[in-house]
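Everything below concerns the one structure shown next.
A, B, C and D label the chains in the order they appear, each numbered from 1.
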Amino acid sequence: MLVTALFVVRTRDLLAATMLLGAYSLLSAGMFMVLDAVDVAFTEAAVGAGVSTILMLYALVASGRFERTPTRPQWLPLLVVLATGAALVWGTFDLPPVGAPGNPVHQHVAPRYLQQSGAEIGIPNVVTSVLASYRGYDTLGETAVVFTAGLGVWLLIGGLQRRGAAAPVLASAPHANLILRVVSKFLIPVILLFGLYVQFHGELGPGGGFQAGVILASALIVHLQVFGADQTRQIVPESLLRVLAPLGVLLYGGTGVAGLLLGGNYLDYHPLGRTPVGGQHLGILLVELGVALTVSSTMLLLCYLFAARVARR
Amino acid sequence: MSGALVTCGVAVLVAMGLALARALLGPSVYDRILAVNSFGTKTVLLIALLGAVAGRADYFDVALLYALINFVSTVAMMRYCESAEASTAPEPGTGGSEPGESAEPSP
Amino acid sequence: MSSLGLYNYWIVIALMMVGLYAVIARGHLVKKLIGLTLFQTAVFFLYISMGFVHGGAAPILSEGVAVYSNPLPHVLILTAIVVGVATTALGLALVVRIREAYGSVDEDELERMDSDA
Amino acid sequence: MTWLQLLATLLLGAGSLLLLLAGIGLLRFPHFYARLHAAAVVDTLAAALFLAGLGCLFGATLGTVKLGLILLFLLFTSPTACHALARAAWVSGLREPAQPGEPPPSPS
């Protein structure tokens, strides 16, 4: 249905491709909604349409907008792609139909999550409880990956910032206009508030640390876009972000260690509270806080780094 | 009542399609930004509609987020264009005048 | 919506192939990353389609709802999205560095320069 | 069918109609500023009608409050974004071209 329109997304020049990628991201988030994955839609909308588009734009500024016309023959990749696609389609005939409740996917651990988590963890959003509690190790790993990626980007393009003060381009705000400024000033607190709501409401409705982190970061990204990176740096200095990002991972890991010290397993939240359910609540709260810290500071750090790099050119 | 909702959904989808077509065609960069922004607004409406059909107020959080992110990305793209205008040499202006680059058979 | 069958998987494959084509056929490195992003999204779709259950609701427990879709793929994909953007950023950083070192981001030109050197 | 539902249907219908009109305008108008006109003005009104209609449908619940928030947000962001867009286009030297699709004169 909707998705057929997406095919067209790819066949354009780069700036247009980036914009269309944003629209595509919104659209795919809509598809996730249709497929009942509210949390995923949340994340995809926040990440795909916001942060990812912005990073792509920065990279385009740094690397030139237009693609040269391809010189190599185009039929070979096309052939490879068609062959792979045909093989994959052939493979799908062995798959069970989408959406049947009896599919093997739904037989393994999912019923347990759905039936027990209400009693064991006591929060309505099963996605959050699986994310933060049942599969806490995974999420710890993912958080660490985000942090590591931020570190990698910093190592790659973060250095050399003191060499010469080139005329900043994107970093300054030469003619962001008045209306935009005023409305942004009004909106940024609202966005921050919404991020906090998502953070702490994540146990009841869609949301959680990852999404909240991205939303908080994007509030500051608006500030960066409208008022310029220099002003944003004054509010949230880069050094603070460099402290916050590892702090989030540490908070996550530390919660696990606290459980260990109090006589449970690693990342087992039961001992943290007086009752097991209370312990779960506290543990999830802390863990999500750690995730939000890491994600938001990493995302903002990425934007700072790219903005600085672009400005130096 | 649900019939009316479905009709509205179809209307929103069609409008989204039109906006997407403008985003694909749009001669200037600003046309594309405009179309993508408008597309985003319609996505918000679609999500709100889905929430109403499902009868769950949770979905409205997502719609709110969409509205927000839409604004963020529009501002970002605009800033990109402004700075690109200011910094680089004058660009060829129109981007998508050559659509057929031996690509996939698009549907 | 009731007879999706395998249709979802085919869409996934089509998207995946579009992404793959962009990765292997295009020279511009940013374009390749865009292709990778498309590919990634296709994989997300695959997972979410697997987790979908007909007549199910979003996995947020509430009164009077018996059937939920599978929360596990949602969790996996949720984290994967954020990690995906982080890794994309890493790739873009590499592109920026390559541009600064070579003055170009076109794969063919890069190869030529490497073979000349 | 209560009068509230009737009102909701009316609002939704008007909203969808306007959305369609805006979409057609966005696609068919000859140059950027006309398209901006179609998209910015009509979209905002259509969104307002649409969300108000959905709000009527939901009655006095938390959902309606959230819808109101979305509406407020859209009322702020959409015109702002469009205004800034128009300004950016104007500053960059995009003028109404004689023929549609003509490249804008390069600024200097």
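The working rule: contacts are C-beta pairs under 8 Å (C-beta built on N, C-alpha and C of every residue); 3 or more make two chains touch, one makes a residue touch a chain.
Remember, predicted model here, so these are calculated numbers, not experimental data.
Return the chain whose centre of C-alpha atoms lies at maximal distance from the corresponding centre of chain C.
D
Highest contact-pair count belongs to which two chains?
Here the largest contact count links A-C.
Just curious, how far off is chain C from chain B if you go by their C-alpha centres, in Å?
The separation of the two C-alpha centroids amounts to 19 Å.
Which whole number of Å gives the spacing of the CA centres of chain C and chain D?
It comes to 31 Å between the two C-alpha centres.
Using mean C-alpha positions as chain centres, tell me how far chain B is from chain D in Å, no decimals.
12
Would you pick out the residues of chain C that each touch at least 2 other chains?
17-18, 21, 57-58, 60, 62
Indicate the residues of chain B shared as contacts by at least two other chains.
17, 33, 58, 61, 64, 68, 70-71, 75, 82, 91-92, 103-104 - these are the residues of chain B that touch more than one other chain.
For chain D, write out the residues touching at least two other chains, lowest number first.
Correct list: 73, 77, 80, 84, 91.
Return all touching chain pairs.
A-B, A-C, A-D, B-C, B-D
Residues of chain D touching chain B in their complex?
Within the complex, chain D touches chain B at residues 1, 5, 9, 12-13, 15-17, 19-20, 22-24, 26-27, 32, 35-36, 39-40, 43, 46-47, 50-51, 54, 57-58, 61-63, 66-67, 69-70, 73-74, 77-78, 80-82, 84-85, 88-89, 91-92, 94, 100-101, 103-104, 106-108.
Please output the residues of chain D touching chain A within their complex, sorted ascending.
So the residues of chain D touching chain A come out as 73, 76-77, 80, 83-84, 87, 91.
Provide the residue numbers of chain A that touch chain C in the complex, in ascending order.
So the residues of chain A touching chain C come out as 3, 6-7, 9-10, 14, 17-18, 21, 24-25, 28, 31-32, 35-40, 43-44, 47-48, 51-52, 55-56, 58-60, 62-64, 67-68, 70-72, 74, 77-78, 80-82, 84-85, 88-89, 92-93, 95, 97-101, 103, 105-106, 109-110, 113-114, 117-118, 124-127, 130-131, 135, 138-139, 142, 145-146, 149-150, 152-153, 156-157, 204-206, 208, 210, 213-214, 295, 298-299, 302, 305-306, 309.
Hey, which residues of chain B end up touching chain C in the complex?
Residues of chain B touching chain C: 54, 56, 58, 103-104.
Touching residues of chain B toward chain A in the complex: what are they?
Result: residues 13, 17, 20, 23-24, 29, 32-33, 36, 39-40, 43, 46-47, 50, 58-59, 61-62, 64-66, 68-73, 75-77, 79-80, 82-84, 86-87, 91-92, 95-96, 99, 101-104, 106-107 of chain B touch chain A.
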